[in-house]
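Each chain gets a letter, A, B, C and D, in the order it is written, and its residues are counted from 1.
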Amino acid sequence: MDLNAKPYDLGQPYFPGMPHYPTHPPFLYSLTKRHGDMVHALGATSAADAIALGTHVGTHIDALSHFSCNGVCYGGRKVEQTYEHGMAELGVDSIAPIVRRGVLLDIAGVAGVDVLPADFEITPDHLDRAATVEIEEGDIVLLRTGWARLFSDARQYINNTIGPGPGIEGARWLSSRKIFAAGADTVAFEKSPNPAMPVHVHLLVESGIHIIEVLNLEQLARDRVYEFLFVAAPMNIRGATGAPLRPLAFANPGPVRRKPLSSPPGSILKE
Amino acid sequence: MDLNAKPYDLGQPYFPGMPHYPTHPPFLYSLTKRHGDMVHALGATSAADAIALGTHVGTHIDALSHFSCNGVCYGGRKVEQTYEHGMAELGVDSIAPIVRRGVLLDIAGVAGVDVLPADFEITPDHLDRAATVEIEEGDIVLLRTGWARLFSDARQYINNTIGPGPGIEGARWLSSRKIFAAGADTVAFEKSPNPAMPVHVHLLVESGIHIIEVLNLEQLARDRVYEFLFVAAPMNIRGATGAPLRPLAFANPGPVRRKPLSSPPGSILKE
Amino acid sequence: MDLNAKPYDLGQPYFPGMPHYPTHPPFLYSLTKRHGDMVHALGATSAADAIALGTHVGTHIDALSHFSCNGVCYGGRKVEQTYEHGMAELGVDSIAPIVRRGVLLDIAGVAGVDVLPADFEITPDHLDRAATVEIEEGDIVLLRTGWARLFSDARQYINNTIGPGPGIEGARWLSSRKIFAAGADTVAFEKSPNPAMPVHVHLLVESGIHIIEVLNLEQLARDRVYEFLFVAAPMNIRGATGAPLRPLAFANPGPVRRKPLSSPPGSILKE
Amino acid sequence: MDLNAKPYDLGQPYFPGMPHYPTHPPFLYSLTKRHGDMVHALGATSAADAIALGTHVGTHIDALSHFSCNGVCYGGRKVEQTYEHGMAELGVDSIAPIVRRGVLLDIAGVAGVDVLPADFEITPDHLDRAATVEIEEGDIVLLRTGWARLFSDARQYINNTIGPGPGIEGARWLSSRKIFAAGADTVAFEKSPNPAMPVHVHLLVESGIHIIEVLNLEQLARDRVYEFLFVAAPMNIRGATGAPLRPLAFANPGPVRRKPLSSPPGSILKE
């Protein structure tokens, strides 16, 4: 391991006015103590801040409990929930820190554009063409649409919730490979809008595959890094359906031993 | 790199009632949408949550702008601040993802106790005795007091802000080694209470060394892992004086090349 | 004025899981300091709490700046807004404490039901039949649908945003009477869903008439109090588009002198 | 009742950077949806905001459960509390909307200054001299220090928590009159600092008298309105130890009938 190998930062920054899906509570920030408000002995002062946000705002991971169908989540677990403590099972605190092989599928690159149009559906054919390496069980598969470039303008990035993403066939292509998580650089991993949210249902509820959203994949694509070590530690919020995380990608991490799923996908909680 | 090498999780969980220093806004959580509140087509439902917290609550890193002395922060940077956007310089967003050599100094272990008493000052002598490997420039140095064991009871963990930590001599021992960051498993990296906060001032303002607090170092100590690869990506909040992070420690990461500070400590922002 | 005359409380309570319109940040609550966490001299302890919420959550008033049309708000004021400070004009801080004649129109009562069905549109005919007293310029006009009875169950109350309310004709009936504000006991003063939000646009943008939502009008209706003194002081949030308020209704306040609008409706800011 | 009689607004505004006692979570604000982020049919757009704050921030009332002594609150009620739901008894939701006789004691005026010095203790002698009318059972008694003039500068207003207020003798002067609530224009109704908080303990725990803080009494004093109708409706937060409120004072409300406490002070919850 070469400590001088700077990782790629796949997270987006947090700031007032940053994009958020309309139904999720936005990011609030305030400096809550200014330097000088209180003066410690010897002239020292400190400043501090506070934030508030939805757990699906900014770069984040969806816990499997984020979606359910007819009252059950992945693996047939019945929904048990309270406002005060969230989900009794499959919360984001059940996701261990993630250290896995990551694979980039540069869909925008394959399509020959910087940014996919809003109505672009990612199909199995696009996925086949963008996959430069074989996808293996347990991998993290990231689809680049180029929308990270729009992130600084909330209006463009949210775009009335219209945006590119996989449809159900694309989702099936991913789930058949028994991956650990799928992600993209958009606010919803879904050809949007689709009120039925079929990709979320198929991945989270039917397949036990996590979803990572609002990534920044621009630098990876620019450097043509299609295979990497993916390291991410979600904020460990008890019972939550999602959490911020700031994933890192290490190119050329040296010889990497495969990490198959030790059991059916999604069941490997607290791995 | 062996993907099967599970990293140590050095972060504490977030939950209602978790400990917080009295002057920092505590952690709030609520499930904001329950499964079933809205039903998507085909019977799918989703749930989501929101959180609010101070940036120095839970496992977190102090940006250099957290403290100032007589109106200036580290490197002579003048304090420029607004409530709405925080600090113009030395914010937590200026800290690149951290991939560095980590070193554990098990002070409680050296003292022969599970948990250091609240009035215990960590001195250079304790540090000398606990350092099983040589500390190098650019390292992350973590001091174990054993207080992570008290974390589940906010009253004990905060303890009227009385707790063990280094005094100014301990801080000088650390800064003389030109490390990147110092951390511990307590709420304040400081023999507390000390209203002058000399350790914070010496490390953050005078030495440009970050502070990481509220760590969980129990498992590392139990396994006698005193040297490791330390990987952490602070939540990237623009202008903030601190941020949550969930550090990982990889034992035996293979041959590790030294990573000296490329410039005087603290100045290597956006490295 | 008889101090023993207990006012009617027209506000709903705040609690975790209380109803909120999906696009508005929900209510968060936590006790942030427990009795006993810190002990003052002589055995005294204190407890404290924190909350977070959208400004259009719970019983609240819409500032005129809540809606705009083609870039302009009421009175032709151009939208000027920042994330950090909200609206430069027509913010909720421009609404003086409200002390006006209030009038209840019990639409559910006229319709002969406890709770209006979700698809019920309130028409001028309903308004005519429910108005037991003449409505005058500057009045507060409150329409009862009975939905306050559903408030304790967020799912029923929000009901996929389908609910009873006036259509555009009902809104015109109200605006022609030059009232100060219109209100109801539902989450949206609008026959919902209607993505064009014509009632909000007509009242707020075209007519300068405020909207008050999520009221509790049950007790007033039960006691057949159709005319009252309406007193309410919105939370004075600088630049906000809305604010919580807890209106009081005083029945039989003694002789009440008319309070006409001193100028075209809506322009009487900072009255 | 003359609707043209404009009430006095005794509340302070909310804005980023507003003063807050260091141990209470500060006020956060953000416009969370801008006009134009989403466009409704026909060109309409809406904007909305969110806030977060401690319940003892800004103009607020202390519930009797805010303080306890040796595990019991007023009336011998044992402390029962959870992080998620606050206090089981004596929460702010047990305070009915307040409609009572208010009395202003202009201590700064009596002292011949605009603003009382930070170390000024309000004594029974000051109270005697400032009371221009007789105080009666059930009244709201407001003490003016002039500190409302400092409110726009958080540093001055908080002043390292040093500020004027009554000592224990002043508190006893008030409690002997069996009033409903005492208030002032400072952040703490207490000669501060006094770590034992004797005035809070005496009023809240021993006497069942509420405390109202961060008032603005400047206009009342300027107009020499020493007796008035006091109307205030605290934000109705279930289980909370305090809540924002924006009190109104009506001068010359006409003949006012006395409103004695129907039972020992403080026990008249849900009156």
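By definition in this document, a contact is a pair of C-beta atoms (placed from the backbone, for glycine too) under 8 Å apart; a residue touches a chain by one contact, two chains touch by 3 or more.
Everything quoted here is computed from the prediction, not taken from an experiment.
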Per the touch definition, the chains contacting both chain C and chain D are A, B
Top of the farthest list for chain C, CA-centroid basis, is B
Distance-wise, how many Å sit between the C-alpha centres of chain B and chain D, to the nearest whole number? 38
Between chain A and chain B, tell me the centre distance in angstrom, where each centre is the average of that chain's C-alpha atoms. 24
Quick one: report the Å distance separating chain B from chain C, using the average Cα coordinate of each chain. 45
What parts of chain C, by residue number, touch at least two of the other chains? 16-17, 22-23, 25-26, 28-34, 36, 50-52, 54, 83-85
Over in the complex, which chain A residues touch chain C? Could you list them? 16-17, 22-23, 25-26, 28, 52, 54, 83-84
Given the complex with chain A, which residues does chain B contribute to the contact? 1-7, 9, 11-16, 23-25, 28-36, 40-56, 65-71, 79, 81-87, 93, 96-97, 99-101, 195-198, 200-201, 205, 229, 231-242, 244, 246-248, 250, 253-259, 271
Under the touch definition given earlier, write down the residues of chain C that touch chain B in their complex. 16-17, 20, 22, 25-34, 36-39, 50-52, 84-85, 154-155, 158, 160
